[in-house]
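Below you'll find the structures, each written out as structure tokens.
After this come two complexes, each holding chain A, first together with chain B and then together with chain C.
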Partner chain A sequence: MKGILAIFRRELVLAWAGGSGLFLPAAFFAGTIFLAPLGVGAEPGLLSRLAPGLIFVALCLASLTTLERIFQADLEVGALDQQRLSGLSMELITVVKVLAHWLVSGLPIALLTPVAAVFMRADTVTPMTILPVFLGSITIFLWGGVGASLTAGLRRSGPLVALLVLPLFVPVVIFGAEELNHILTGQTFGAGLTLLAANTLAALAISPFAMALALKLE
Partner chain B sequence: MFSTFANPHRFMSLTRPLLPILTVVAAVMLAAGWIWAIGFVPDEKYQGPTVQIMYVHVPAAMVSLAAYSTMAISSLLYLILKHSLADVAAKSAAPIAAALSFICLVTGSLWGRPTWGTYWIWDARLTSMLFQLFLILGYMALRSAFQREQEAARAGAILCLVGAVNLPIIKFSVEWWNTLHQPAGFISLTGDSSLTAEFFWPLMFNLIGMMVLFGAFLIATMRSEVYKRQYEAKLARLNRSTS
Partner chain C sequence: MINRDSDGQMALKLRQLTAVRGYTLLFSGLDFDLAYGEFAALKGPNGAGKTTLLRMVAGLIAAESGEIEYSIPDEAPARGIYYLGHELGLRPNETPLSHLRDWADMHHQPRERILPAIDRLGLTSRREVPAWSLSAGQKKRVALARSLVVPCPIWLLDEPASSLDVGGQCLLCELMTEHLNSNGAILAALHDPMDLEPSRVLDVGAFAP
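Now for the complex of A and B:
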């Protein structure tokens, strides 16, 4: 437990020390959302109709901006080997790293969602608006972590990671946007939330093993 | 059993006579199926002659699924047994699976134009086939990014298995989405209109022909990959002994 906390804290400290890189995905997300009305027109009905889908597409794209960094630096300097020598299982190490990365890159996006929804002229904006993006971003970062672990040993892996993980984002975009649509139009929770949560749990169950296998040394 | 057939030398000697047989069987089956389909199958009541596209489209769709399954099973065997022949099979099946998915999408699109009045609808099957194509292209791109064959093999195998686990989830989610969003007015693809015998048998010929053709392509690609690896291994040995 102590070791896990140490790894978690180290990730957060490194992210904090990285400075502006911390807010990069959130800024990317906001920028995409602000561009959308300029592209499709500021008509209120149209914008609020498009809001859930655009928010989730922007979330997927924003997550791609920093994904490749999750494991690359640690693999290069040998920090990953050191952590492995501590006796902790690789599955645990990878999932802790991804969750720490999500905390600094994914959570700000989820917290920005109500603001984005207001800008998209959505009907009802409640604190609940955060929930679908909260769950969706965890799933997206976990599958993204699989892509990042597979390409950790490669240079300039960004576009490749995007190609690898985008098909895995399909269920999140479908269920998440559906649920967000429910919430933004003032309805109660739909089936989308249950399915989205199921997806998050499936990603949490499967991705650590894939990441650990990908990062184990020969 | 796997270790018996996994010996590359045994594989090469077994498949040497098998390859021409499979090629001839595939050619005969497909030629018979296509001549039957184009020359002798009557026009369908609603779709007219465009129903003949089915004889390329359906076999391509089914065999592309079989090809992706081949990749997934080979990847699993590679991760468990670490035998390079399993990796050769997965690597060789990928471009064939991609080509078949592409053919399926193109013929489906061309078939959709006269029957639904549009080249593309976001139907559940079309959409999940599109994402299967993306998964395979991602697999090929990932493999080609690695310099060393072993790293490419392992990364590819993991990606292929993650994709295989996700493919049913993607398919389910797209179907769920489809029932919510499908605009009215399109003819449903899922209405199961069972085929009558005059349409069914030529389809069966094409299906089996395509399956055997996949087997022939797979074996041919695997053989050239084994030759390539043997050549590279020999080259590395020579370089070591001279330097």
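Now for the complex of A and C:
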């Protein structure tokens, strides 16, 4: 336990020390949300109608800005080799790395959602607005980690990661936007939240094995 | 296939190892035994597969065929293998101190060993400097300090003397001698002869097809 916590702490400290674009995804997200009204126009009701979908699309695209670095940074300098020799399970190491990455770049996006919703003139904005994006961002980062692990050994792998993982983001966008729409229009929770949470759990169960296998073949 | 064999003085037994890189057969039918207290040097021309063999023994890549048997004492930390490769494992914004601290914690080893190790390798004044401003030789010293913080019975060294200055090379010889004296085993790829004489030589080139 102490061993895996050391890896988690190291990831957070290194993210904080800079170099991995700490707030880049959140800034990208905010920028996209800011641009949307300028492109869509100020027609009454239109913007709030589009808000859930745009928020989730912005979340997906924002996650892609730093995704490729999750494993690449360690692979390039040989730190991943050393971590494999530590005897800790590779599945645990990969999922800890993704969660640390999510904590510094996914969680800020989830926390920004209420602001984004207000900006897009949503009818009801409650703290619950965060929930779908919170679950959605964890799922997106876990599936994204699979893409990042597959391409960790390649240079300029960003666009390739995007192509690989965008299909995996489809259910997150469908159920997440559906659920966010429920919340922003003042309705109770729908089936979307259950399905979104199911996707999160599936990602949590499957992605560590996929990531560990991909990195072992690197 | 990897078996752990905990009794007996042999550290490593390599049996009929075959390595392929890309579409090239590097070596085949390689047999070698390494006993504790023994220092074996890996020789062979560039591209013979010395690094590949070391990574294979470390368990970082799978052998095409053949077997590697380890006998590692139960009290050894983690997998009991210290691997010093070409990449030294330091992220650009990591400092020697933070790196070794994470290293010790990762392997459940006491942090008290860190400062003496840093002193020993002459990094005292550089211990809080991020790795991007360390020289290649200093980074190598940090990687060598890991061997003191997490003592492993089997050392796999890939060109350990490269980028070290004269003082660093002496230090390397000292560390290796101490390791051998405490009944450790060393397998090292070497190009230039070291002050420390290897007890055996494994010529990887001899197993080339």
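Quick note on the criterion: the second predicted complex is superposed on the first by the 213 of 218 C-alpha atoms of A that agree within 3 Å, B and C clash if a C-alpha of one lies under 4 Å from a C-alpha of the other, contacts with A are read in each partner's own complex, and residues count from 1 in each chain.
To be clear about the criterion, contacts are C-beta pairs under 8 Å (C-beta built on N, C-alpha and C of every residue); 3 or more make two chains touch, one makes a residue touch a chain.
Everything quoted here is computed from the prediction, not taken from an experiment.
Aligning the shared chain A places chain B and chain C next to each other free of steric conflict. Once chain A of one complex is fitted onto chain A of the other, the partner contacts of A:170 are limited to chain B, with no touch recorded for chain C.
Contacts of A:210 after superposition: chain B is touched, whereas chain C is not reached.
Angle at chain A (Cα centre) between the Cα centres of chain B and chain C in the superposed arrangement: 90°, in steps of 10.
Contact with chain C, but none with chain B, is seen for A:83 once the two complexes are overlaid on the shared chain. When the two structures are aligned on the shared chain, A:17 is found in touch with chain C, with no touch to chain B.
Touch criterion met: A:7 reaches chain C, while chain B stays clear of it. Of the two partner chains, chain C is the only one touched by A:74; chain B is not. Minimum Cα-Cα distance between chain B and chain C in the superposed model: 5 Å. Overlap of the chain B and chain C interfaces on chain A: none, as no residue is touched by both. Contact residues of chain C toward chain A in the complex are 55, 58-60, 77-79, 81, 83, 85-94, 98, 102-103, 105-108, 130, 146. Listing the residues of chain B that touch chain A in their complex gives 79, 131, 134-135, 137-138, 141-142, 145-146, 150-151, 154-155, 158-159, 161-163, 165-166, 169-170, 172-174, 176-177, 180. Of all the residues in chain A, the ones that touch chain C in their complex are 2-3, 5-7, 9-10, 13-14, 17-19, 73-74, 76-79, 81-88.
For chain A in complex with chain B, the residues that touch the partner chain are 143, 146, 150-151, 153-154, 157, 160, 163-164, 166-168, 170-171, 174-175, 178, 195, 199, 202, 206-207, 210, 213-214, 218.
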